[in-house]
Amino acid sequence: MRVLVSDAPFDVGEETNAFAKGHKDIGAVVTFTGIVRDLPDDPLVAMEIEHYPGMTEAALSKIATTAIARWSLGDALVIHRHGRLVPGEMIMMVATAARHRRDAFEAAEYLMDYLKSRAPFWKREITAKGSDWVTAKAEDEDALTRW
Amino acid sequence: MRVLVSDAPFDVGEETNAFAKGHKDIGAVVTFTGIVRDLPDDPLVAMEIEHYPGMTEAALSKIATTAIARWSLGDALVIHRHGRLVPGEMIMMVATAARHRRDAFEAAEYLMDYLKSRAPFWKREITAKGSDWVTAKAEDEDALTRW
Amino acid sequence: MDVLYFAWMRERIGLPRETVETTAGTVMELVEELKAREDRYAMAFSDISALRVAVDQELTDFDAPLTGVREVAFFPPMTGG
Amino acid sequence: MDVLYFAWMRERIGLPRETVETTAGTVMELVEELKAREDRYAMAFSDISALRVAVDQELTDFDAPLTGVREVAFFPPMTGG
């Protein structure tokens, strides 16, 4: 298991290769990558991500450990950036490795759902008109009821 | 959309980077990678994958086109190898890009479920004891009822 | 008409492809013609519930018509992914 | 006890962290003490249903006890991923 919280960019391809390689007992690897998306009406200048150093790493480790146990994963990876990002940059990624595809998919969705609402990150969107904190979505909180 | 059927190895990291980069209107990328898994009791020497040239590409294109329309994907990728592979090698990958994570996850699962049972590939496992065609699983056929 | 075989169908029939002169109106009629040829065909096609068929490279059913068809393929259930 | 604020709580309170002398037995009692201090606290804590709280870096409820606690953090619902 690897959990990385950093303000530096990461290479999703290199991370995926490092994660997927050398697993002879594992048939399925799923990755999710979150990308800063431009806003259709009011172009995004940047996204700033604040976090809670110390708690962030602990929360992500707990979420990943829970997923590994629940889906008998061979491995799990969580990377999340903080600081200032521009449209097109990668915000975060998760990866899961399992014997069967359904477990790898479910575990990755679980990681994402918990990471969205239970890891201490806060996003702020900066446009030409000003800046605003991103509001948590009810649907993201509702997604947790699935698990 | 890109569909590639080839006997050559592919680099899952490079493919993921090429797929994920430069999408400013897309927030979510999901990839699935299938890896040749060793067998616990009777070590696998190799896996041989036969396919139906012509139909394979058409079937994969149709599956990907359907997924793009159904989940309003920004892009989709399907790569599948044929020929002889050894444990640890990547058999195939799919990737989906969408505005929201749920769509990217669902579309990737759809691609995998259809690719398993509706694309003309046949696997044969070669061990020290001999070789056997892999039998289609009822659960893979059942998975299609979800869609 | 070209008739193709894949995986264990190819092994049981003993060849990957052959050209067949036929007036069969449906896939099932073609199967009956092939089964009447030789034992290896009769055995390979003995349980068609274990087989899949593609007509002109599209998956279809055994009652599909063969009018104007150029290529029919028989194979076991697919195991991709 | 260290009290931390994140995102718009940090902006409304006007600082990211402060040390608070308190005998509050629960998070809610601490909130009431803070609200009594100054208007900006009263306003920042006016709707605690819009807030989340972590005690010693673990998410918890507003009725959580503060015995032996070293760090309490207040922030809006998280928006990671």
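Annotations
Note that the chains are named A, B, C and D in the order they appear, and that numbering of residues resets to 1 at the start of each chain.
By our rule, a contact is a pair of C-beta atoms (placed from the backbone, for glycine too) under 8 Å apart; a residue touches a chain by one contact, two chains touch by 3 or more.
These numbers come from a predicted model, not from an experiment.
Graph distance from subunit A to subunit C, where chains that touch are one step apart, equals 2.
Chains making contact with subunit B as well as with subunit C: none in this assembly. Subunit C and subunit D have centres, each the mean of its CA atoms, that are 72 Å apart. For this pair, subunit A with subunit D, the centres built from the Cα atoms lie 26 Å apart. One simple way to say how far apart two chains are is to compare their mean CA positions; for subunit B and subunit D this gives 48 Å. Centroids of subunit A and subunit B (each the mean of its C-alpha atoms) stand 23 Å apart.
For subunit D, the set of residues touching two or more other chains reads 81. Annotation for subunit A: residues touching 2 or more other chains are 34, 101, 112. Listed by label, the pairs of touching chains are A-B, A-D, B-C. The touching residues of subunit A, when paired with subunit D in their complex, are 34, 49-52, 54-55, 58-59, 80, 91-92, 112, 115-124, 133-136, 141. Those residues of subunit A whose C-beta lies close enough to touch subunit B in the complex are 11-17, 20-38, 40, 87-88, 90, 99, 101, 104-105, 108-109, 112. Those residues of subunit C whose C-beta lies close enough to touch subunit B in the complex are 4, 6-8, 10, 54, 57-59, 73, 75-81.
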